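These are the structures in question, set out in turn.
In the two complexes below, chain A is the common chain; its partner is chain B in one and chain C in the other.
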Partner chain A sequence: MASRYLATYRQFWRLNTLTMLEYKTNFFIWLFFTIIYHGVAVGTIWIMMSRFPSMNGWSWREVFFLYALYMLAHTLNNTFFFTIGDVPTHVQEGDFDRFLVRPLDPLFQVLSQPGQIWPDELALAVVVFGVAQSLVHLQWTAASAVLLVLAMFGGALIDFAIQLAVATLSFWVIRLDTLRWVVMSLENDFTRYPLSIYNRGVRILLAYVFPFAFMNYFPATTLLHKTSGPGYTINPALGWLTPVIGMLWFAGAYLFWRAGVNHYKGTGS
Partner chain B sequence: MIIRAEHLTKTFRTRRRGDGVMGTLTSLFSRAYDDKLAVRDVSFDLEPGELVGYIGPNGAGKSTTIKMLTGILVPTSGECSVNGIVPWQNRTQNGKQIGVVFGQRTQLYWDLPLKESFELLRAIYGIPADVYERNMAEFTKVLALDEFIRTPVRQLSLGQRMRGDFAAALLHNPPVVFLDEPTIGLDVVAKEAIREFIARTNRERGTTFILTTHDLNDVEKLCDRIIIIDHGQKLYDGRIEAIKRRYGRQRILVAEIDGFCADCEIPIPGVRKLSQAGARVSFEFDRERVSADELIVALAKQYELKDVTISEPELEAIIREIYLKGLGVDAPVAEALT
Partner chain C sequence: MRIRPYVEFAKRAFSREGTYRTQVFTHIGSVLLRVFLLSMVWTALYRNNGEQAGITLPAMITYATLALLLDLIYGVNGAYVIREKIREGSIAIDLMRPISVPFYVLADTVGQTLFASMQIIPALGLSLFIVHLDAPATLGAAFAFLVAVLLGFVVNFFLDLIMATITFWTMEIFGVQLMVQFISSLLSGSLVPLYFFPPGIIQQLAFASPFAAIYNAPLSIYIGKVTGLQIVTTLGTQVVWAFVFGVVALGLWRLGERQVVIQGG
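Our next item is the complex of A and B:
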């Protein structure tokens, strides 16, 4: 049983590598645009920050660190859970049937569909983070190292769980593009700057509704000891909560997914 | 028995939608539903090693039945089991013992060489090395996979892709295989290759097949037994020979007559002239009332016959009549010759 899962996952990565070698040009184009994309993001932060000496007490180095931390979690999610975004297509085209007639868990099968999935973006994130941590002179202690790992994996789990929940809606709703776009830009745009600069509504949205703030903001406040600023204080323990939030969100999203699959089995689309 | 369907019923419930903007808005809040009965009280049993054609017009409920038997859909009521396992309750166990070919969709990976899809399936089904190698050797030979096994699937012709899909579905030695339109869109040669492979697998491995198709040649060449379904209900379940005997009483005789006859008629009850093209005259006759022998003798008495051919009723013509008129009618085979 477990050996079939392991063997399938091994094949999945072997085939991803094979696709990378088969489509070398595409790989390099993809890599090029990944670098450009993150370069533009970092450039925007730099331009913004060059106009203000600090943003709510955050220097440009610290905001860059915030982005690097987000990038670590987000690219980790993209590397291992990227294909969750294909669920709406699988459901619309009827390919989802295929996952139900094979002797493995359907969610596992969705996540192990070989394709153009490579850890290039994750590698880039590690490099960017390396630069960022030296810029802010991150104090490396056992605690900060553990917190960092927890933030990275917990953050990836939050990212994945939210995308899983959104993808699950496609069992009921045919067109999801708008909602996916809204959630994606919420994640991309609002995680770049400290949460404290936003108004109350956005803060609630990012901390409680779609808890993207736990991917980078709360861990960063703990790591950089920036738990208080003009007019606010943050409990440093919040930074440690990322994996808990991730697991809770994943548990909820997975139950929702199960309900979605059952609905599909009842209605056939 | 290996497949059992008992009073299998599936109702699809869709929310009733109004027309226009207001209608759409109100339907969001209303609880009005439309129930569509896709499969209605269908029962049948299959013995191991049977190769059964499951046929019916578009929207008859064929695919819905197959989806219930493969565990994709949960029946609204009734029961089914495959090899003693209830498919929707025990999806994973059922998955191991069935193979599925959807003619309209492939389970092969578009960007990868065909061989790699097999490697992935080997892992998914946990196929032991010896079984995998034996099956690969056999399928490579029988389906001539050698020519394209290293080619990315997107570059394969439909016929090649289908051969790949059959190998993929049978790699784990499933005792039961569901084929949903397996020959759709294929040319005559490719169809023949697929049919031969199905027949061979059924004969040599004793694999049980259920086959849905619109091409009745598939059924006629492969199956002894057919189940006909329409509007979700089972219309017929039995041997093809029996349906032909029962519903295909009409035969057609084409005579080539030497010399000119402006208006050839045969005044025997049960015989009807269909058409005449020059010296070729076709008659339709009811073989329960007139034997071919009698008809030829009667013809020969009046005319000089150069040639005579008699055609068997074609399954397609019979089935078409059953779809159109139900089981009550006797199906003429007039169109069969034209």
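Our next item is the complex of A and C:
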């Protein structure tokens, strides 16, 4: 059984690679686009903070580190689980049924739909992180290296779990655009800055409801020893919790997904 | 050229847009979320570092909010249909019709933009629950602001048209177009006012770039960073860029059109 999954998954990456080799120009244009996209995001932070050097005690280098840490986890998720975002389309267009009649797990099938999926952005994230960690003079110890790996994989799991839960809603709700947009904005825009600049409501939302803060903010506070600031202290242990939060969220999201698939089977719609 | 068909095109684009109701909510919601985010970011930056470049915190929040509202109308990109037409080959039929395709696209964009600008009213109203907005510096500034927005629209439209026309030569334009959009969002001052750019060559280049005519010009007039005779110079610069981009766009169009006619599409 396991070997069948493995063989299918290998085919998935073979097809992705073949697509990349076939559409070389396209690949390079998108790679260049990705570089510009992140360049503009980082450039904005740099320009902003060239005039305003402190953001609640964070320098631009530290805010950049925050961005790089997020990018690692987010691109890891995007490389392996990107196609989860296609579920609403599959349901709307009625081709989700295909996944139910085939003898492999439906979630696995959704995640192995070949497309223009390449690890270029993940590679870029590693490079960006390399620059960021040297800018903040990250102290490399065994503990910080382990924490970093946990944050990257745990963060990707959080990212994936939340997207899985949102995608699952499409079994009940047809129009999801607005909710997806809000979650995407919380994730992409609100994680760029230290959590401490937000009001209580947003802090609670990003720490407990959609725990994106565990993808970069809490690990970064631990790694950069920024666990106390004016008027607040953060337990450095929080930074270690990322994989735990990721697994909890994933367990919940997966149960929800199962319920969604059963509901879909039940109504047949 | 008869103007009547183009008015009709604009009207049709306007009513067509009205059928996408949920998109309207998504647009307005996204603006409000960003207004909320940026107000917190700038408040933190001002609280930690004090005022910079002579722009007060209320003026900065006004600037950021208006930039997001302008996104609603500048973000229309009606020229994008040209890419689809060239891809599908239906451009050949459009070229046979007794209309000018670039002006048809302009009319369509105007219609879409008018619909989009109606979203500004609820978006602005709801933004006022989140942030306090400064009134325009003077009544004259308010008027000049509107003129500058209009000119910014023209510059932006021709920029989109140039990008779309490039499809005549290469299909891989979508990524390139997005790149230009991102670079423009930074250099136009829509993300950070150009006044906050590091002084020196980078800032001078940003001020001199055509992208500054899109966001920086109207917003600087609104918050009173540009006053008196400077307003005239600013509007004049916008006119120059609109003209240059217009000539380039129509010139490229001519060349592309000829290519289709010769090669048979």
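Quick note on the criterion: the second predicted complex is superposed on the first by the 269 of 269 C-alpha atoms of A that agree within 3 Å, B and C clash if a C-alpha of one lies under 4 Å from a C-alpha of the other, contacts with A are read in each partner's own complex, and residues count from 1 in each chain.
Keep in mind that, in the parts below, contacts are C-beta pairs under 8 Å (C-beta built on N, C-alpha and C of every residue); 3 or more make two chains touch, one makes a residue touch a chain.
Treat the numbers as computed from the prediction; the structure is a model and nothing was measured.
**Student:** So, A:Leu104: does it touch chain B (first), chain C (second), both, or neither?
**Tutor:** The first partner, chain B, only.
**Student:** Is A:Met55 touching anything from chain B or chain C once the two structures are fitted on A? First, second, both or neither.
**Tutor:** A:Met55 contacts chain C only, not chain B.
**Student:** Just chain B (first), just chain C (second), both, or neither: which does A:Val202 touch?
**Tutor:** In the superposition, A:Val202 touches chain C alone.
**Student:** Which holds for A:Arg258: it touches chain B only (first), chain C only (second), both, or neither?
**Tutor:** neither
**Student:** Would you mind listing the overlap between the chain B footprint and the chain C footprint on chain A?
**Tutor:** none
**Student:** What residues on chain B touch chain A, complex-wise?
**Tutor:** Result: residues 12-13, 64, 67, 70-74, 88, 91-96, 98, 100, 102, 105, 107, 109, 111-112, 116, 119-120, 122-126, 152 of chain B touch chain A.
**Student:** If we count contacts the way the header does, which residues on chain A are in touch with chain B in the complex?
**Tutor:** 3-4, 7-8, 10-12, 14-15, 18-19, 22-23, 93-95, 97-98, 100-105, 109, 114-116, 262, 265-268
**Student:** Help me check something: in the complex, which residues belonging to chain C touch chain A?
**Tutor:** 22-23, 25-26, 29-30, 33-34, 37, 40-41, 43-46, 48-49, 52-53, 172, 175-176, 178-179, 182-183, 185-186, 191-192, 196-198
**Student:** Provide the residue numbers of chain A that touch chain C in the complex, in ascending order.
**Tutor:** Counting only chain A, the residues touching chain C are 25-26, 29-30, 32-33, 36-37, 40, 43-44, 47-57, 175, 177-178, 181-182, 185-186, 189-190, 193, 197-199, 202.
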